[in-house]
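Once you scroll down, you'll see the structures, which are given as structure tokens.
Each of the next two complexes has chain A plus one other chain: chain B in the first, chain C in the second.
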Partner chain A sequence: MRDTERREPGSGPEPEAHLRLEGVGKRFGSIVALDGLDLEVRHGEFYCLLGASAAGKTTALRVISGLETPGGGRVVFDGEEIAGVPSPDRGIAMVFQTFALYPHLSVFENLAYPLREARTPGPEIRARVAEMAEMLRIGHVLQRKPETASGGEQQRIAIGRALIRRPRLLLLDEPLTNLDAKLRHDMRAEFKRLHRELGTTMLYATPDELEALGMGERIGVLRDGRIVQTGSPDELYEHPVDTYVGQMVGSPKMNLAPAQRGEGLTVATSFADVSGGPWTGTLADLPQQAGLLLGFRPTDIRPAGGAPRGPRFPARVHLTEPLGDVTVVDLDIAEDMYRMVLPESEAVGFRPGDRLDVEIAVEQTHLFHRDTGAAIGRDVAPPSGAAAA
Partner chain B sequence: MRRQIGRAGWGWTGFSAVVSFIYFFPVLWIVLTAFKAHTDALAIPPKWIFTPTLENFVSVFARAYIKGQTAVDTNFDVYFFNSIFIAGSSVLIALIIGTLAAYGFSRYPLKGNNTYLFIILTTRMLPPIVVIIPIFLMFRVSGLSGTYLGVILLYTAFNLPFTIWMMKSFFDELSPEVEDAARLDGSNGYRVFFRVCMPQVKAGLAATAVFGLILTWNEFLFALLLTGVETRTVPVAMAQTIGGDIGVRWGLLAAIETLFLIPVVVVVYVLQNHLLRGVTFGTIRR
Partner chain C sequence: MATQAQAAAPGGLKQHFSNWRLALVIAIVAIPGSVFLFPLETAFWVSFGAVILVTATVVTRAWGRRPGPLLVAPALATLLVMNIFPLLWSLGLSFFHFRANRLSPPRFAGLNYFEKVISDPNVWDRLQTTAIVVVLTVGIQLIVGFLLALMFEREFPGRRILLMLVLTPMMLSFVAVGAFFRYYYEPTFGLLSQAVRLVTGEPYILLASPEGAIAGIVFADAWMWSPFVMLLVLAGLVSVPKYLYEAAEIDRASWWRRFRTITLPYIRGLLLLALLFRTIEAFKLFDVVFLITEGGPGTSTETIAVYLYRVSFQYFKTAESSALAYILIFIVIVLTNLYLYFVQQREKEEEAPA
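Now for the complex of A and B:
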């Protein structure tokens, strides 16, 4: 794991960790769900855990909440090891993917349930439910059963039930998966609003990089039960540590061209010799013919024209996919398929079979080892704050 | 105009009515016969218009066994109490044990869970007539023969497999995340079970109870051999009522049957809202 964390110069001591997982393992039979997971969430942060399905996101949240006991390692919350602390006493609440509302109770009773279990007096329950209902705009469904509420309302009820005990940490397990696309967008804004208003630390698990990039202040990319990279959305986008992160973050995903080290400080692909990329400095350390992958995002390949920004080479249009404001063009370059994203206006007139010259913005390219997928360092290690600048 | 989905036309409604009537006709026949005098009950062709009488119902509980003698108590009040008490207790006990077992099988599966469930089911695979002799001998030896305890135990054992299987399927349908949520909200295992799981399987509980009740209510063979004079149930007593000095007293039998139907009708009526969801195993959503 490499932490490409951005640190403001002179920002003083490292921010205190709110939640820290150290080498947490968990297996179910022969399946390893968590493989020495290290994770650090700071006070008041919106942290996104990004990973494909079965990467271990849900298991990680269940371990933190206490629904599962870790097979090894430490879970430290506010400076306290919480492995032995019963779930309700941890000050941690969770919103489930399926909302998990109590179907036999009214919305009011759903919200009141955690308070009743904590033997809160009746008047206080009513006051806090009313307050929560107002904040989440679900006052009009309080007397109904949850199943009669709309998807977005059910989601907000689930959030309300989690927040009503005023947890110090809120875990969200793919909370938008069960909503339709339009609602998802609204709820993203809702989560950000709640985070801003409440200041509660949020740990948000999602397989959707758009959600992670859009909401997360920091993102941890989870793969096979361990974090492969942590950083701000920009850092992950600009400096992926390997091809997995490179392809996970950004849509459409990053193009990877098989390559090897060519003459001098060049990288030879099947369509061009590329030189002058940010990785040039480290290229000298690699043996000749070393197996490489050249990564470039679909937005960094363009029809040639104007001042050259990198190597130019011929391509053939295979398919165009207009998506409204942008068009995704599948290009056939030296027998391999690559994606190019263009503003809709620039892609007008492209037909399958058309030939054109394209160029890559060489400054934006990435270089990876072909065997391990690990990124090959840039000339200068990622400078502090450079990604955000 | 498109026909509204879900609303049948007159044709289908009429057809359903005819089919329903065919099924319901025997019940109607019994109830009518119960109100007929002996000669009316035997009349061919059947009489549709007759003077109703409550004579049959009176003689269910007290009648003269030989013409001319004074009426004596038939003990049918005891038999009805026995039927209600035995069926009610055994179904209740089976529901309590079976629901707990089903929750265990559903939530904390053993290694070889399905094997256990299958073995439980096999206890119902043997026809009663096959197992009646060993059970009869066991009851004789243990002194359970003719006691309430014995017959309730037996019916409980017979209701259990069915109860476990049915309730397990209802528990399997519940979302485990809801239970996890309750655990995070501060509920311990008992409260998760009683406050979160049980309210969600009410319909299943009702359906299972009704199936068990009907099964036990109608049971004849075991009751015939294993109940005593004091613990006799209505089906056995009914069989023993057949015959007599004037041939089969159809009116009397029909009156017993009519009375015997009432508890079933009442229970089903009370639980009807739950039953629809229960018997369809939750496939019909509210």
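Now for the complex of A and C:
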């Protein structure tokens, strides 16, 4: 028994984009929440909207769900402009950050809530609630009030309530923010499993890059109400379009060393002249002395030794932070602080104050304009598919 | 004299008696002694001084040790003198033949007056009138208050001013409301009569018929107290988290369903509280009735409270009215406890797994 809402795979040609936002704006008084947001989500995709708090994630989801009317632009869902369509008729479900479970109804009734209005017959409601409860492993709390369930169970109830009507699109607004760290990890796997089993298109907003990288098939990085970059986790990691994305994606965040264009095709930082990076080709177009930022990830700097992969220079250990399998080492390099991540075994014996030689893997470095933060030289790979950012 | 006695108290005594005990002993000796020894006028002042002395020493001591109870004491004393004493006194009176406007001393009457009140058809008639008024006025107050609260839940231009205006009736004194409605219903130049005359050409005397008089009273009381219900309900409405409504909107719930499953559970308790308060108050309804109709026409709007007033202060059947008053308070207590019982049952049901 399938809900009419869900499009059967293979039933007619699929529209190229499932959900498309074109230049959507939204202001609250003098605060601009969305500033010409362009966004495209494809059928059956797990799309992560990654952004710091107040970047506009929640507003974007609320506009898509119909809880807010956009101030401008178009919201197209399955080829249909839905700006004027009331929320209940959109076929879009949403999981709230607060869970928003109905406190006075039993868990069963919470799950059945979206079905009741559709006059679904009683036996079918029971069957679907049971199915959902089994899938989410909340069968044992069905007769209780939501507040008596644990945080993780409440989260799953909220997901179940959103999924039970078999929506065409599921919006998730920071659904893991209110859970503790351990549960969060478990729930990430849970989301992936659900997505695989149901194939529902999911749009997931999160401020946590680990969630985005771990779950998202594609990630849109949101900043100040607009998408800065869209791409797969790998693309974002390998080819950030600017320092914001570079630092947002990856943990610990990317090191940025102030630099300028040096002699020939080199980039001069305070500790070394770096040459031969992937940005070399476009370096020639830059004026001498141009203000730059050299970006390298904490995993791309390591103690010198073996075949040289880039420039070597002295550093001093400032602090070590063992995290179990890896150790984060804060390095003092020419009076600036940079981070290095080493496998735990290689970091044994480092003490604050130790001096050592380090090297950077040049091929892995990124170059940015110091003023604008925009990436230089490295061809920004076209994000997978037609949706060029 | 008491003050001299205090000054003369040997220091050695302090080791055996704390000050207040000494003062008490002095008072116990001084008061009967002075009554025997001095003329009554002097004895009064001696006794007065002794009482002051005891009070002063007790207060000083208590202040040093535990000032808390001392601070509550004035309120408790007032309560005792103004409420509890008259309450017990009237309970006592209800067992005696006694009329407050006669000099003859009370004679014991047993349960005579209770029997008389219970078998009095007038009382049952007045209770019936009261019940009609209570049901009508409380019902209207709950409905109107509720609708007003729904209206004021949302922001709209002029909301603050309108809210203030709507709350005004509750702040007025009963006498003002009574006088206002009396003129409002007045046959010759009352607003209501004039308005009707514009249509029919005849003056309209609302209070002439028993039904009209009841309607007039119910309207006045509901007008005055609907805002109270509104305030309570409004408090409940604003306590509903907004995201629940948003979730319900996405979950495709209709207005009615949203109201039943989200709003109502949040305000149910407050609604029941309003019901309790308003029922008790309406049961005691006196001022408005007395000012607008004085119980008329005939006795058709004489609520039990008005009847009680007549029995006790117009016919001066003090004992009988005391008995009636006690029966009324008993009814109110029973009603209140029934209410509390139902509320608790309901809570238990909600706690227990469905």
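Note that the second predicted complex is superposed on the first by the 363 of 389 C-alpha atoms of A that agree within 3 Å, B and C clash if a C-alpha of one lies under 4 Å from a C-alpha of the other, contacts with A are read in each partner's own complex, and residues count from 1 in each chain.
Methods note: contacts are C-beta pairs under 8 Å (C-beta built on N, C-alpha and C of every residue); 3 or more make two chains touch, one makes a residue touch a chain.
Values in this document were obtained by computation on a predicted structure and should not be read as measured data.
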Side-by-side fit of chain B and chain C on chain A, or clash: clash
Once chain A of both complexes is superposed, is A:143 in touch with chain B (first), chain C (second), both, or neither? second
Answer with first, second, both or neither: which of chain B and chain C does A:349 touch in the superposed model? neither
Name the contact category of A:121: first (chain B only), second (chain C only), both, or neither. neither
Tell me which partner A:106 touches in the superposition: chain B (first), chain C (second), both or neither. second
Answer with first, second, both or neither: which of chain B and chain C does A:287 touch in the superposed model? neither
In the overlaid three-chain picture, which partner chain does A:161 touch, first (chain B) or second (chain C), both, or neither? both
Clash-bearing segment of chain C relative to chain B, given 23-31, 203-211 or 275-283: 275-283
Both chain B and chain C contact which residues of chain A? 65-67, 87-88, 92-94, 96, 98, 100, 102-105, 113-114, 117-118, 161, 165
Given the complex with chain B, which residues does chain A contribute to the contact? 62, 65-67, 87-88, 92-94, 96-98, 100-105, 113-114, 117-118, 147, 161, 165
Looking at the complex, which residues from chain A come into contact with chain C? 65-67, 87-89, 92-94, 96, 98, 100, 102-106, 108-109, 113-114, 116-118, 143-144, 161, 165
Spell out the part of chain B that touches chain A in their complex, as residue ranges. 175, 177-178, 180-187, 191, 196, 199-200, 202, 286
In the complex, chain C residues that touch chain A: 241, 243-244, 246-254, 257, 261-262, 265-266, 350, 353-354
